[in-house]
Structure formats: structure tokens, C-alpha cells
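Letters A, B, C and D name the chains as they come in the text, with residue numbers starting at 1 for each one.
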Amino acid sequence: MDKLKRFGVSIEKKLLERFDKYVRGGNYRNRSEALRDLIRKELVDRQWTEGNEEVAGAIIIVYNHHQKELMDNLVNIQHDYGNIIISSQHVHLDHDTCLEIVVVKGRIDEVFKLEERLKAAKGVKHASLAKSTLAREI
Amino acid sequence: MDKLKRFGVSIEKKLLERFDKYVRGGNYRNRSEALRDLIRKELVDRQWTEGNEEVAGAIIIVYNHHQKELMDNLVNIQHDYGNIIISSQHVHLDHDTCLEIVVVKGRIDEVFKLEERLKAAKGVKHASLAKSTLAREI
Amino acid sequence: MDKLKRFGVSIEKKLLERFDKYVRGGNYRNRSEALRDLIRKELVDRQWTEGNEEVAGAIIIVYNHHQKELMDNLVNIQHDYGNIIISSQHVHLDHDTCLEIVVVKGRIDEVFKLEERLKAAKGVKHASLAKSTLAREI
Amino acid sequence: MDKLKRFGVSIEKKLLERFDKYVRGGNYRNRSEALRDLIRKELVDRQWTEGNEEVAGAIIIVYNHHQKELMDNLVNIQHDYGNIIISSQHVHLDHDTCLEIVVVKGRIDEVFKLEERLKAAKGVKHASLAKSTLAREI
């Protein structure tokens, strides 16, 4: 656990009232907690605009598993990116449809390339990306 | 000018170092300024998820002004939404292409509908939206 | 596998050249595949603006597992939302830091509430959301 | 006006039904129009991930004009970026609050830097960016 440092902050009275409402509504226990979250969110957002930063994240794809050769194709693609993939997990959404979560840790440009390859595979209907962080120094 | 209120904030040492770098890099003069901006940004982001809030913003469209009847069409659409449009401004990007900025102030759902109408007009190549705020209470 | 329907599309010559470059660069095998992906992406984006639609997705949180009571807290929160959680998976990013993926299937407003609860738990450093789809009718 | 080229597209029956609903709901006159818009949107989105591309856009700032020296400050910043600013326009939102639209045309990294400078100016409460395009070749 990192040591806490304390300092003073000045905020306009009305803005502080709005912020306090946000703090309560968001289940935070105090202003510091909410502010730390806002700072971390901003720093992570920034990080994802730098192509060669190291990040963590997850790519979610949804596909029809009846599509010929798709399963083989997805495995092959994932093997090409074995160095940045931590794990994959399947979920059966319904009789035809699978959701697969690929957890990644690596350089942002590599993560984007992997997402593009998975998205373009025939039978994959949607790909989305959760942009997270290794949380070093934050 | 609203009165400032002061309070103490605790942040992990390493996170504070990263934040201080962000404060300096972002041309802020002190931590309070940067924190106020982060709070306002979050509050405005939230506001834009509520369909019946009152906001300010600008819709930018890019179009080819040679497109038959487009100019008339754009004027007609804007008149349908006269109650939320503050002003329009034309910029000539090149010989064929115009950029038009429509400044709006009104309910979010109305702003989205106007953007959709403008985007779908034949000859409009792109529409984008800057989500801003009336800055009441922030 | 759903039956394919065929129809004709007209596109400006230059735009088509740019699009063909995009199709090749994105590893698509033909224009139809790329267009189907663009359509699905747009439909899913829309869906996530409707609070009471049913969707699939994943919430990624990153936290320090040494934080007192955090593990209990996270389990309790997830039990409150048991009806929309399909699975959770832990990944150890480093000695202190865990990444957890919570796969969800349910109403959008419930998903957002769960994300908010997890994000605000003391010790959670970052939360992000991958917005996906149940892929019904797309 | 660029010449249109025609080609055939295959789409799953159900997806096409959903898309046709989207086409009608979006005020488009036919599928080709809607597809051209989706393609352009994707190409412009891509463009904005490349730091050295030339784009058009608008930065919207909201500020309290009673803030000491803010007006001078904003003018000075804009003069530093005179080469990418096409025009500025003021709107009076209420007695205290101004909204200013700065239309820009230039390299993406320059646009981001200008936005950052304007956002950090003391008294500016919010900055947002509409990402548009010069529409060359689209």
C-alpha cells in the first residue's frame, strides 16, 4: 500500500456542492477517493493515446460458432499474438452465439492489431475493447 | 465570480507524482485548477447521458455545396430547430467543400435529432458534435 | 447461419478507392464483410444509448489485493448483481495488482450501476467497460 | 460532384431488416446513402488516431468572462496558433458565461495542443472538440 500525502484544494462553492452530490451518488466514502479515481481515469485515458505504452485490457468478440473454420481461425490468430494474450474465456450466449473474452497485456499498437484481426475474422459479428491499465505508479 | 472553498485531499505518493507531471504538462498553475477541470469534465460527461438536460454544444457538418438543393435543405432543417439554434457559420475549406458550425443550446434529445437530420441530408459528408455545457453551477 | 440477401450500392469513385484500401488493410476478404461490420458496429453503438436494452459486455477492474476487505467487498457487490453476472475471472498482473473481468448480460442501466459500484470500492484503481451485444438479429 | 460506382453487397437477411429500419429512422433516402455515411465516419475516426494527419474541427470553450485577464490570455493563445485557426466566434450564454467556437484546420497534434492550452487557461470551465474532416477523397 502506497503512503498517502495530503494537500489543500480550492474549489468554487457551487461546483463543490455539485461534486459532493456526485461523490455521494457514486458510493464514494469521501472526496479524496472520488478525486483519486478521476485522476487515475484521466491518466489511463492519456496512456491509451500513446501507441508504444504498455497496458492491460480485454477484447470481447461475439460470433456464431457454426461459421465454418472460425474456431480454428480464432485460435490461429491468438497464437500469432501469444506474447500479449494472458487468457481467453468462452461464454455461450445462446444456441448459436458465443462471446469470447481475450485478456491482453502489452503494447497498445499490438493490442489494436489483435483487435483488428479478430474483428475481421469471418463470422465475428462484433468486437469491443476495454481499455485498462497495469496500474504501475497509479 | 463564485467564492472558493478549501479542503484537504489525500493521494498516494506515486499517484501524486504522476498527477504533478500532468499538472505541469497541461499548463495548469496548480493542482486545484487541474482538479476543478477534471471534476467539471466528469459532470458535463454525465449530463450528456441524460436525454432531457439542457446543454450547449456545436454541430459541425462538412458538405459539397455543389450538391443540388442542399443549401435550401440545410436552411429548412435549421428552421425546424430554430428554437435551439443560436447561430450558424460557414467556412470554405476548398473550392468544393464547406464546413458549417451550428451552435446549439437546448435539450440533449433535440440536439441529437438535429444532428441526425443534418447528417442525413444528401451531400453532407460528415457530422460531428462538440458536447459542451451551459456552465450553470459548475 | 442466416441467409444472405444481395443488393446494389452506389459510392463515389474516390470514396470507394479509400474504402477498398480500408478493406484490404483491415484483413477483410471483400467489401460486403467490411460493410456488415460497419453496420453492426453502428447498431450496437445505438443500442448502448438505450437504458433498458438487453446487452452483453465485460467490466474490467484493476485493484490492489492487499487493500483491507476489498476482496470481500467485491464479492458482496457481485452477489447483489448476480442476476446479470455470467462469470468473473482473476488475472495477477504483478505482486500487488489484480485485474478482474466480470462478464455481464443484462439491462444497460443495471450494467452501468454495477460498474459504478465496483469502481467506487476502496482499493479499485480503474474500471473500464467493453460494450458488446447479444447479437440477436444482427 | 464525384462519379458514382455501383457494386453488389451481400448481407444477412435479419441484419438487413435491422439496417433498413435504421435507414428509415435516420431520414436516409436509400441504403447507399446510409452506407456511404458509415464508411466516411469510420475513415474520419481512423484519421483522428494519426497525429500528423491534416484535419478540420472546432474547439468549443465555455468560460466566465469576468475572470481577470482571461480575454487577453485567450487572444494570446490563439495568436500562437494563428496558422491553424480559421475563425473564432463568441456566444453569450448568460450574464456571466461565454461560449467560444474556434474553428481549426491543421495537423491533429497541433489541434490537440491548442485545445489543451485553451482548456488550462484560468477561468475556462470546459473545453470540447468536434472532430471533423477536410473531406479530401471522401
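The rule is simple: contacts are C-beta pairs under 8 Å (C-beta built on N, C-alpha and C of every residue); 3 or more make two chains touch, one makes a residue touch a chain.
Everything numeric in this text was worked out from a predicted model, so none of it was measured.
As for how the two copies subunit A and subunit B face one another, over half of their interface residue numbers coincide. Between the CA-based centres of subunit A and subunit B the separation comes to 25 Å, rounded to the whole angstrom. Centres computed as Cα averages put subunit A at a distance of 9 Å from subunit C. Of all residues in subunit C, those touching 2 or more other chains are 40, 138, listed in ascending order.
By the definition of touch given earlier, these chain pairs are in contact: A-B, A-C, B-D, C-D.
If you check the complex, the residues on subunit B that touch subunit A are 2-19, 22, 31-32, 35-36, 38-40, 42-43, 46, 137-138. Residue ranges of subunit A in contact with subunit C, taken from their complex: 1, 26-29, 33-34, 37, 40-41, 44, 56-60, 62, 64, 66-67, 86-87, 89, 91, 93-94, 97, 99, 101, 103, 105, 116-117, 119-120, 122, 125-126, 128-136, 138.
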